[in-house]
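The chains carry the letters A, B, C and D, assigned in the order they are written, with residues numbered from 1 in each.
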Amino acid sequence: MGILEVKGVNKNFGGLKALQDVNLSVQEGTVHAIIGPNGAGKSTLLNVLVGKLRPDTGSVMFDGKSVLGRKPHEINQMGISRVFQTPEIFTDLSVLENVLIPCFARRDGAFRMHAFESVAHEGTINEEAEQILADVNMADKRNLHAGSLSRGDKRRLEMAMCLVQQPKLLLLDEPTAGMARADTNNTIDLLKEIKETRPITMAIIEHDMHVVFSLAERITVLAQGTPLVEDTPENIKGHPKVREAYLGEAQV
Amino acid sequence: MDAIILQILNGLDKGSAYALIALGLTLIFGTLGVVNFAHGALFMIGAFCAVTVQRLMQLSHTEIDESRTDFLGNPLQVEVPYLESWFGPELGQALISWSVPLAILLAIPVMMLVGWIMERGLIQHFYKRPHADQILVTFGLAIVLQEIIRQFYGANPIPTPAPDALRGSVDFGVWLGFGPGVIFYPVWRFVYFLFSLLIIGGVFAFLQFTTFGMVVRAGMADRETVGLLGIDIDKRFTLMFGIAAAVAGLAGVMYTPILSPNYHMGMDFLVLSFVVVVVGGMGSLPGAVLSGFLLGIVQSFASMNEVKAILPGIDQIIIYLVAIIILLTRPRGLLGRRGVMEE
Amino acid sequence: MTTRNFTRRGVMKSTAVTAGGLALPTIFTGSSAAAFTNEPTGSTVTLGFNVPQTGAYAEEGLDELRAQQLAVEHLNGEGDGGMLNTFSSKVLDGTGIMGKRVEFVTGDTQTKSDVARATAQSMIQKDGAVMINGGSSSGVAIAVQGLCQEAGVIFMAGLTHSNDTTGKDKKRNGFRHFFNGYMSGAALGPVLEQAYGNERRAYHLTADYTWGWTQEESMIAATEALGWETVETVLTPVGAGDFSSYIAPVMNSGADVLILNHYGGDMVNSLTQAVQFGLRDRQVNGNNFEIIVPLYSELMAAGAGEAIKGVYGSMNWNWQLQDEGTAAFTRSFGEKYGFPPSGSAHTCYVQTLLYADAVTRAGSFNPCAVVEALEGFEFDGMGNGPTLYRAEDHQCFKDVLVMKGAENPTTPFDNLEIVEVTPVEQVMYEPDHPMFAGGDLGECNPGE
Amino acid sequence: MLGIGKRDTTILLVVAFMALAAPIILNPFPANSAMAQFNAGYPDLMQRFVIFGIFAIGFNILFGLTGYLSFGHAAFLGAGSYAAVWMFKLLSFNVIPAVLLSIVVAALFSVLIGFISLRRSGIYFSILTLAFAQMSYNLAYSVLTPLTNGETGLQVYTSDPQYLRGEGDPIVTHLFGLEMRAKETLELGPWAFDFSVGYYFCAILMLISFYISIRIFRSPFGLMLRAVKSNNHRLSYTGLNSRPYALTAFIISGAYAGLAGGLLAAMDPLAGAERMQWTASGEVVLMTILGGAGTLIGPVLGAGFIKYCENIFSKINENVLHSWFAALPDGLETGLVWVASKFVGEGWHLTLGLMFMLVVIFLPGGLVEGGQRIGRALRRRRGQDEPGRSAAKEPAE
């Protein structure tokens, strides 16, 4: 029984079958990649997982509870954090404030009216935030305006914001899309480091095979809204069906 | 039945004005992403183009009438318009009475120019600024414009009648098979309605069938992409601003026989026009037109005695009530697109 | 902490004269309090002219301001003296008020009660005004009247036509020179009877606020007394702009008279549009369809242009009156500004003189003394013939004018013509008339 | 001090000093001099400064922090005023119950409007609030006259019950017998300074409001509100529900507006319907943006600026202008008066409009940014400019 169990999910947009009978199981503590050509339904699947879309049929269980019908913030509170294709951070706030917010979210839940306490006086929370910034090597940038960061730093910051919540599952939506090779490698190193230092489950949706094969322990190949195969990276590489559907075009 | 037809006519007429103002506002929103609080002032300037033409046509020389005296007991100075002395009193008066339609000729270049100056001189510096700044600066501009108009024309409403030939009303009911005298409707209001259809049709045709229009429409959908194609979208948008100003101005010119223009009429229309635009859906031209007519008609019906007897005061709030209901049931108004002005 | 109330201005002026610097710093000189609010102790006295200078009534307000300035000139002995020469009371001699030169401050009411009170406050608190005059709407007049009562200064209401100003909202410190809704109805009644007969059916469009309602009530009472039937009364939103949806139903309602209880921009638009709808070209019940505008003003008549031709209404005063006082005022106003004064200008001019006169007769600026001098005061020579300031409700009683839109005006200033000067007896009513019931003048308040 | 940081304490102390010394600061010119026209230190205007300051501070909590632009906040101001006047009519002229009820009524009203309007965001939200406020205004002006006294404005009549009024109680608004209009005048030579009870009552409430607003700005709650403005999307994927945050901010700012409305009535017990009109809602928006939205002190500055223009510039008439320029040669004087008269008196709107434009064009951050620029320029001149400081712009200074 995995931490995330997707069973028989179907989703249609008008006549278009975006997802057909998707079954997926992500095991706790693993890095699970979901790959597939454009239009395979990766993004739709991700949006179902985070509560943005509701499937027509099927079930999505996380940690033994259904996520269906829950709002994104409720799903996050269940322990699923998400990294976006383009980093979603609070650009108007400072770097430190960016990580403070998830700290509060973890401690206080979806809404709590702490209107009279001072942020500066929240000792433990500040320590946590400083710690995570140190972990991602951004401590020296704590007072910078988040909007002024480089793209790579924005990605790091977003990662820090997710990690500080200590999620049970981290969803990454093409974390290296549009990045230069160097940045991509940095991100891979960062993710590797995270994997080594934290007991975390990750699900990565990715285009870049280099990233996938550097990180993933399990891979699911999605094509035309349906999972084609699920296996270890080594087996996937040699799988004829996968080559046919997808890898044929890519250089592996 | 006759009462209902009358109110539909009234609603279409009100709706024409709303639709025209909202159309211009949406053009500016949609193409430039600017919240233009000075749009009401453009409407007002249009109306004062009509006043200006009227004044020009009435340029007079004085003749002294010794037989009568003025309020101070001096011999009466009679102002005789040049047009009257050139063409004789009757033809002269008839010509003068055509000031309002003639003002269209003045309003088009004037409004285009005003729009061009506004966009190049002010608005273009605010494309990247927050909406709040746009609101503040255009609101300030609206005040300045209306105060300038006031310096020249005073604060009192100025009568600007329709041409003699188009004054009065016609027995519209007879055409529909009612008895004579049941449905009378002012000729000028028909003219206004047809005029607004013409303008609306013109704008849509322009956007639909010209290359220029296609680029602008593409720009409304995605400005950056069009920019990437190497098209100088900014220049086209400037012209678009001029066109939007002209639409507002023409709406103002032709409305003057219905509503005697005064310097703050723009502010009176401002709130309403925003409600119309938002109900129609931000950035949607058909939405703006639809919502203009819809709100006009709804308002007319709410003004009926039968309705007011059940719900006193409903005519005071109906527009806002409808706006609330529509926005709560249709998140982006009638025909709005996702993500436009939702941030 | 003490709760003494005293005025700054009086004290300030006296010390300014004596001290002339930091020589005698008097700290908290509360004990030398004046006898009443803003007692003028120097060589000048300040009046506050609080009129709309922006918004729909701006022209009306500016015309009031012109007249007020003229009045100040005349009081100070400048110009030709205007109505001072015709006023039946002769105590004013062109040396200011009781020898003090008259100064004035102005403010913009924006025709909003809140703003009007704020500007009046500033005149009282900052500028030391002893009298506030002006305004162009009843809501504002009532609001400012209440303020002046509390502050202890005299209020001479400008253009206010609602019955309430000297009815349920009357105040001891406030006086009205303008006529009111009831008087409009009473004056119009006989003229309408003569012009349109006894068997008419009237349809009212009424601005949906207090003035509109009292006007409608007065007109219904006056016309029903003639035997007219009231077909329908419809309330219209203030500032509606387009009245078509209210005018259209009039056509087939069986009514043959439309009474527009509107003022200002609403009146301009509703009248223009009603004429556009061809109402006046219609025949109903064998009668020509007629429109009546109970309250006229020159400026708004000008705004309506040709639509007013032949339309009856009433006015407080018009420059075309033939009496001496009117002639004198029109002459000095016309020579200064180049056009004849409006009715509201006349009101404010006369009030400024009357206030000065009352102070002089009372021998004091104390509001209570002024109130006493004005209550029951009868005079002549200020236009409209013999006039009474009634003690019971501070309403002014004088002849009322019934006007008609001129068919062939020769200048922009005679677009209205006087049809009849209704004698004061006919518009007189008891102070406890039901339309005016419920108010209480209270005690005069001199402030402290 | 007071649980706020050093910087904030300084700001608070500066504001407190300004507010408490306002009667002196705002009357810099001798009472009889020509410049006295520019004195603003009389009770009524000072009260308006701080009352509209409160209104703008509250509005800033919503708009400055969450970015939700409400065009209907005047409705809460009006509701507060009506509630207060009704308290005067029913209970007594004591201001405490009136002010308390005005806060409660406005807060309840804002729960209702906020709950519905916050279902939408962006301009759709703005128009919803505008629609509610305009409905309130139109109804208050006409149909609801029994409750609001329509155009005239709700006021207290001698015939009103005033159940709690004691024998010797003042017949003007008071705080346990201390009349709001009572004042003491301090005279120093030609200068005269008014210290009025009403003003200090308002000023103290303004300082409390300001202090609360600082606490909110620096609190986790305030951080969340700024997060709502910055990136609502990220916020919900961080496990936070933005709706209750925005709604709470809406209610707080509604309560502030109610307090301001209640104080307006407490200073002058008449509540006019215009208080609810869209122009009044627009005014507080302008105050906040003009001063600097999202800054602590900006809204107060903006409120003072607009009220000053309205009350001082509108009162300068041609007579005053003539007296100023009297020393100049005739032709020049006439010319100057003619030009100047276009901008003051009846033309004061023109000045206001130009000011809006100039401020927003040249000072995108409002008046506060103007102050910051001057401050930076001064520092630079002294060679104390810290590098990197301007880059690390503190988001809510």
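One rule holds in what follows: a residue touches a chain if its C-beta (ideal position, glycine included) is under 8 Å from a C-beta of that chain, and two chains touch if they have at least 3 such contacts.
In this text, all values refer to a predicted model and were calculated from it rather than measured experimentally.
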Far-end chain from chain B, centres as C-alpha averages = A
Chain A and chain B, separation of their C-alpha mean positions in angstrom = 52
Distance from the mean Cα position of chain D to that of chain C, given in whole angstrom = 33
Gap in Å, rounded to a whole number, between the CA centres of chain C and chain A | 74
Where chain B and chain C are represented by their mean Cα positions, the distance between them in whole Å | 35
Would you mind listing the residues of chain C that make contact with two or more other chains?
-> 54, 58, 62, 208, 235, 237
Touching two or more other chains - residues of chain B = 312-313, 316
Could you please write down every pair of chains that are in touch?
-> A-D, B-C, B-D, C-D
Chain D-facing residues of chain B, complex | 35, 122, 125, 129, 131-133, 135-137, 139-144, 146-148, 151, 267, 271, 274-275, 278-279, 282, 312-313, 316-317, 319-321, 323-324, 327-328, 331-333, 341-343
Residue ranges of chain D in contact with chain B within the complex = 63, 67, 69, 116, 119-124, 127-128, 130-132, 134-135, 138-139, 141-143, 278-279, 282, 285-286, 289-290, 293, 342, 347, 349-350, 352-357, 359-361, 364
Chain A touches which residues of chain D in the complex?
-> 3-5, 215-216, 218-224, 226-227, 229-231, 233-241, 244-245, 248, 252, 391-395
Residues of chain D defined as touching chain C within the complex = 30-32, 39, 42-45, 48, 138, 141-143, 145, 149-153, 155, 158-159, 172, 177-179, 181-190, 192, 194, 197, 264, 268, 270, 272, 274-275, 310-311, 314-315, 317, 319, 345-346, 348-349
Contacting residues of chain C [partner chain D, same complex] = 1-6, 8, 11-13, 15-16, 19-30, 53-54, 58, 62, 65, 69, 104-108, 112-115, 117-119, 121-122, 125-126, 137-139, 142-143, 146-147, 150, 164, 169, 208-211, 235, 237-238, 438, 440, 442
